[in-house]
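Here come two complexes built around subunit A, the first alongside subunit B, the second alongside subunit C.
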Partner chain A sequence: MAEMIIKKVRVDGLFEAMKDFEVYGPITKDMITRYQKTTGTPDLVFKSSRKPPKEVFFPQTEKMFDLVKDGTRFVGAKDVPPGDKPILLFGLRPCDGRALNVLDELFNWDYTDPYYVDKRKKSTVIGLACTLPAMPKDNCFCTSMGGSPGSSEGMDMLWVDIGDSYYVESLNDKGNAILELGKGIFEESGDDVRSSAGKAIEDAANAIDRKLDTSGVRDALAKSFDYNYWDEFSKRCMGCGICTFLCPTCHCFDIQDIVKNGEGVRQRSWDSCQFDYYSIHASNHNPRPEKKNRQRNRVYHKFYYSENKLGLVGCVGCGRCINLCPVNIDIIEVIQGAKELSQ
Partner chain B sequence: MTRENVYKPETATVTDIQLEAGGGRPIRTMTFQVDDPTERKKFLHKPGQFIIISYFGTGESVFAISSLPNEDGIIQVSAMKVGNVTGRLHALAVGDKVGVRGPYGKDFPVDEWKGKNLVFIGAGIGISPVRAVYQYVLTPEQRKNYGDVTLIYGARTPADLAFKDEFKEMDTRDDLNLWLCIDWKFGPKGPIEGNAHTDWPAINMSAPGDTVVPEGINKFTAFVPQLVEVVKPKPENAIVVTCGPPIAIKFITQALAKLGWSPEQVYTTLENRMKCGIGKCGRCNVGDNYVCKDGPVFTQKEISEMFDDQ
Partner chain C sequence: MVDYNAMTQEIRAKAKAMLENKEVKYIIGWERGANSFISRPVIIRDAGDTDRLVWNPGCVDNLTRYLVEEMQYKPKRGEEPDLGPVGIIVKPCDSKSIVELIKENIVPRERVKIIAVTNIGTVETNKLRKVLQKIPQDKRAGIDILQDDNEFIIKYDGGELKVPRPELLANKCETCVTHNPVIHDVVIGDKIEGFEADKWADLAELESMSPEERWKFWEDQISKCVRCYACRDSCSLCYCAECVFDKEKPFTWIDKTVDVSNNMFYHLVRAMHLAGRCVDCGECERVCPVNIPIRKLNRLLLKSAKDRYKIYPGMNPEDKPMFGSYDIADPDEVV
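Let's turn to the complex of A and B:
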């Protein structure tokens, strides 16, 4: 584990040195931050992104195949060549880094998903610890979900803002390769720098005011599946699906053939368990016919099923589903309520 | 591209199409053969597994495989015309191209059942996945490995009854107890009038178990769960394989419980809407089980332990 620093004034120089990468980083436009492809230096001061960075590896819509035509009919599917450039994802927040662990497990579980895994394998991830004053923001609760503003899970390198420079920690060979690329740009670090970084992370952690006591959550959920509770709190749900679309660990997708102007593609797009159409059978039978079924499925998937299937809890405490729900459904309150009722 | 892509369908050609049942919701049995001879072996399946078929330009759908396991890349499915993809598939002609990927999912543990009596119960199009197993068991090589074999099948109307020719032939076998029924003469309050066929007598709906079965009669006007009570399959050293609409499964399970069957003995195959078939896309879950990966074959005991919305 190599520790270095990089002065803020030299960050542009590093991005210049990394120009062989296809760089994705936080770009804020009209007050909305997203991880977008950029040829310059991404934003260095930003609140966590509205859209989670999962879209770099698992785009909202992704072409899977070109459909092959014979006369007027489609008769086959042709692979889409993957991009050949290595990917650099810069500025990943620690909660989203932990979310990548969940996606890594899912897309490698049993069958390998070539689209996600190909991009992920050729990626280098530089994380940016959450430090004051940009972070934490409203409804962050990573510390309750086993994370921290300085967690380096899912990253190859972690940066911590310590004033006029960043404390830089390389976590593996991919991180070391970045240090090598930036030789002369990164500078030697010292114990005092490490302790300033530690202090910055601790201050950010102390500023997190939302807490969820996760002890006993699984027992509570095991007991409360049939409670009216799920019906009651989901009555106000509008089924917009934003809690799942913008969740960094949500990974549901649809596969569709799209034909336009005589050309056909097979593509996949994010989907949501909050939609009626998601689970309805061809016979019109829907195993999750009501909002209560669908909201319950979301909560159970995060806090019960995901752990059974992938060994990882499906919530990292990023707070997006709370901040962006139009009717103020708050996952912390939902879980606390279930715990209280089942006692 | 060199990477292995699990989502990539192999092209296959339609070799045969049979209309199994007419009416407003026709059922056709379609047979395909994978085009590339080197890929055919990969499609060797086990009874109970499913396949994903593409009608290129419209999309993919999931089907129970009803053909016998083979290394020739021959895949047979029976599909009711209910949606976009099945609508397209029903319009196929011999020689047309489709895409296939799979086979996927957990199979029926037919090897563990050797030496046991087997009871197959199918309701409606649910007969299709059940057919994959009984056809396998009834092959000359396999039949000797199993005890008594009973098959109970019913559909809504005479027109909905699928595989008629096959059942006619099976009715002549002496190593199979075949029972058929149709329910169209029953409204919610019992028989509307007479029998569906003159020689398909109605059963005693209020106490199906008391129905006196006339000598030589094995076809009735009844619902499948009631017919199960008439047939009274014995649970000793036996396994049930059943599939049908959720409501039919519910009552079939209750009828079996009355007859002393335990949930571990009753196997069924679930269908949920699926896209990927390989445990990624999320939608087919029942609790923490993905129907595509952990199923589609489950015992009633496993199902009773799931967080089930239904």
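Let's turn to the complex of A and C:
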């Protein structure tokens, strides 16, 4: 584990040295931050992104393969060659880094998903710790979900803003390769730098005011499946896809064959368990016919099923679903309510 | 100064009386949000719960979408249909939605008891988030927002913050056409007069663009869309039991592909389906997670309906719907 610092004025130089990478970084436009492909230096001061960085490895719409045509009929498939450039994801927030852990487990679970895994393998992830004043945002609760504003899970390198420079910690070989690439740009670090980085992270952690006591959540959910409770709070749900599409760990997709101008492709696009047609069967039977079934599924998937299957809780406490829900369905309140009822 | 506290008390009393007298099955209203100054929708069935109801400038939701849900509810097997009236609390802008729903035979007038408030304006959620940065985080929990003609007053634990009206006022309120409800059984609050403004000022910039520039503008905006369909789901007039964009059998009308072409198809079709019907309640724009100015698209059509056919939806239940009426003097140069 190598520790260095980089002066803020020299960051542009580093991005110049990293131009062999396909760089994705936080870009803010119309007050919204997204991780987008960039050729310059991405934004270094930003709140957590509106659309989660999962879209870098798992785009909202992704081509799987081309359909091969014989005359007027489609008879086969032709793989799309993956891009050969290494990917650099810069500026990942610690909660989103932990979300990558969940997605890594998921896409390598019973079946290895080549599209996600290929991109992930050739990626280097540089995280940016949450420090005041940009972070934390309203409704951040990563510290309750086992994370922290300085967590380096899911990353190859972590940067911490310490005023006029960043404290840089390389976590593995991929991180060391970046240090190598930026030789002369990174400078030696010292104990005082490490302690001021620790202080910045601690200050950010102290500023997080929302808390969720996760002890006993699984027992509570094991008991409360049939409670009327799920109906009560989900009455106000509108059934839109905000909480799932903008969740850093949600990963459901739907596969469609698209034929346009005689050319066909198979592609997948994000889908949401909050849509009523998500679970509809060919017979027209819908096992989750009401909003209560769908909201309950979201909560159980995050806090119950995910742990059964992957051994990881599916919520990292980024707070996006709370901030963006138009009718204030608050996952912290929902979990606490279920816990109280089942006691 | 608007006395929100007195109005809240009055709403609670009316709601309580309605529930106790069994005039309504339940009341759709707003309650205080969790850890939030923004209020949220609540359904009150028990007269004892009416103290949960609130009224303040953070009551941003148009609750009429829950009214539509009630009207479209299909009883389960063995369940007796209950066609009794429901109570709903509406702002003046939301009352226009009810008028339109009555015009379109979705809501029978006798099935709804309308408690309407007069309102000089609500807050814009996005703007409020910015303003709240000025208040220490640990003091934000018990916030109250008050308002007079010129400013919003945010009261928090141990202090208050005065914010000039335009810095916090919802965009839709800047072009409001009615501060008094257009339909009601009970009105709460004093009649509001004044607040005249140029109702179409916000469209001037778009209208001055060339068609190419305007297309570019919308392409930029629409490319951000994540197709969460919150704009549709929040809309009280998007009430089709099966939306054309959800239809999968026997085929889909739209790909799930998120690109400019499919997004544009979605937004243009939705806008056209609302032409002459949209009452400009502003919900679509409020709920959008990626800040697309959806209202502008609908307002361009609203203005067009007004200029061309002298139709402004949502003002009078006796009016005929735009697509259901014809006048020999209607402009017909495109036919």
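We adopt the following convention: the second predicted complex is superposed on the first by the 343 of 343 C-alpha atoms of A that agree within 3 Å, B and C clash if a C-alpha of one lies under 4 Å from a C-alpha of the other, contacts with A are read in each partner's own complex, and residues count from 1 in each chain.
As a convention for this text, contacts are C-beta pairs under 8 Å (C-beta built on N, C-alpha and C of every residue); 3 or more make two chains touch, one makes a residue touch a chain.
Everything numeric here is computed off the predicted structure, so don't read it as measured data.
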Partner chain in contact with A:251 - subunit B first, subunit C second, else both or neither: first
Which partner reaches more residues of subunit A (counting touched residues only), subunit B or subunit C: B
Subunit B versus subunit C as contact partner of A:228, first or second or both or neither: neither
Partner chain in contact with A:106 - subunit B first, subunit C second, else both or neither: first
First (subunit B), second (subunit C), both or neither touched by A:114: first
Which superposed partner A:82 touches (first subunit B, second subunit C, both, neither): first
Touching partner for A:288 - first (subunit B), second (subunit C), both, neither: first
Subunit B versus subunit C as contact partner of A:195, first or second or both or neither: neither
Which of subunit B and subunit C A:172 touches, first, second, both or neither: neither
Touching partner for A:206 - first (subunit B), second (subunit C), both, neither: neither
On subunit A, the residue positions that both subunit B and subunit C contact, one per complex: 254, 256, 271, 280
Subunit C - residues contacting subunit A, complex: 33-36, 38, 40-43, 61, 65-66, 126, 129, 132, 137-138, 224, 226-230, 232-234, 246, 248, 252, 255-259, 283, 286-287, 289-291
Subunit C-facing residues of subunit A, complex: 30-32, 50-51, 60-61, 138-139, 207, 209-210, 235-236, 238-242, 245-246, 254, 256, 258, 267, 269-272, 275-277, 280, 324, 326-328, 330, 332-333
Of subunit A, residues touching subunit B in the complex: 64-65, 67-68, 70, 73-77, 79-82, 106-107, 109-114, 118, 225, 251-257, 259, 264, 266, 268, 271, 273, 278-283, 285, 287-289, 293, 296-297, 300-301, 304-305, 308-309
Residues of subunit B touching subunit A in the complex: 1, 3-9, 11, 54, 56-61, 82-83, 86, 97, 99, 245-246, 271-273, 275-276, 278-283, 285-288, 290, 293, 307, 309-310
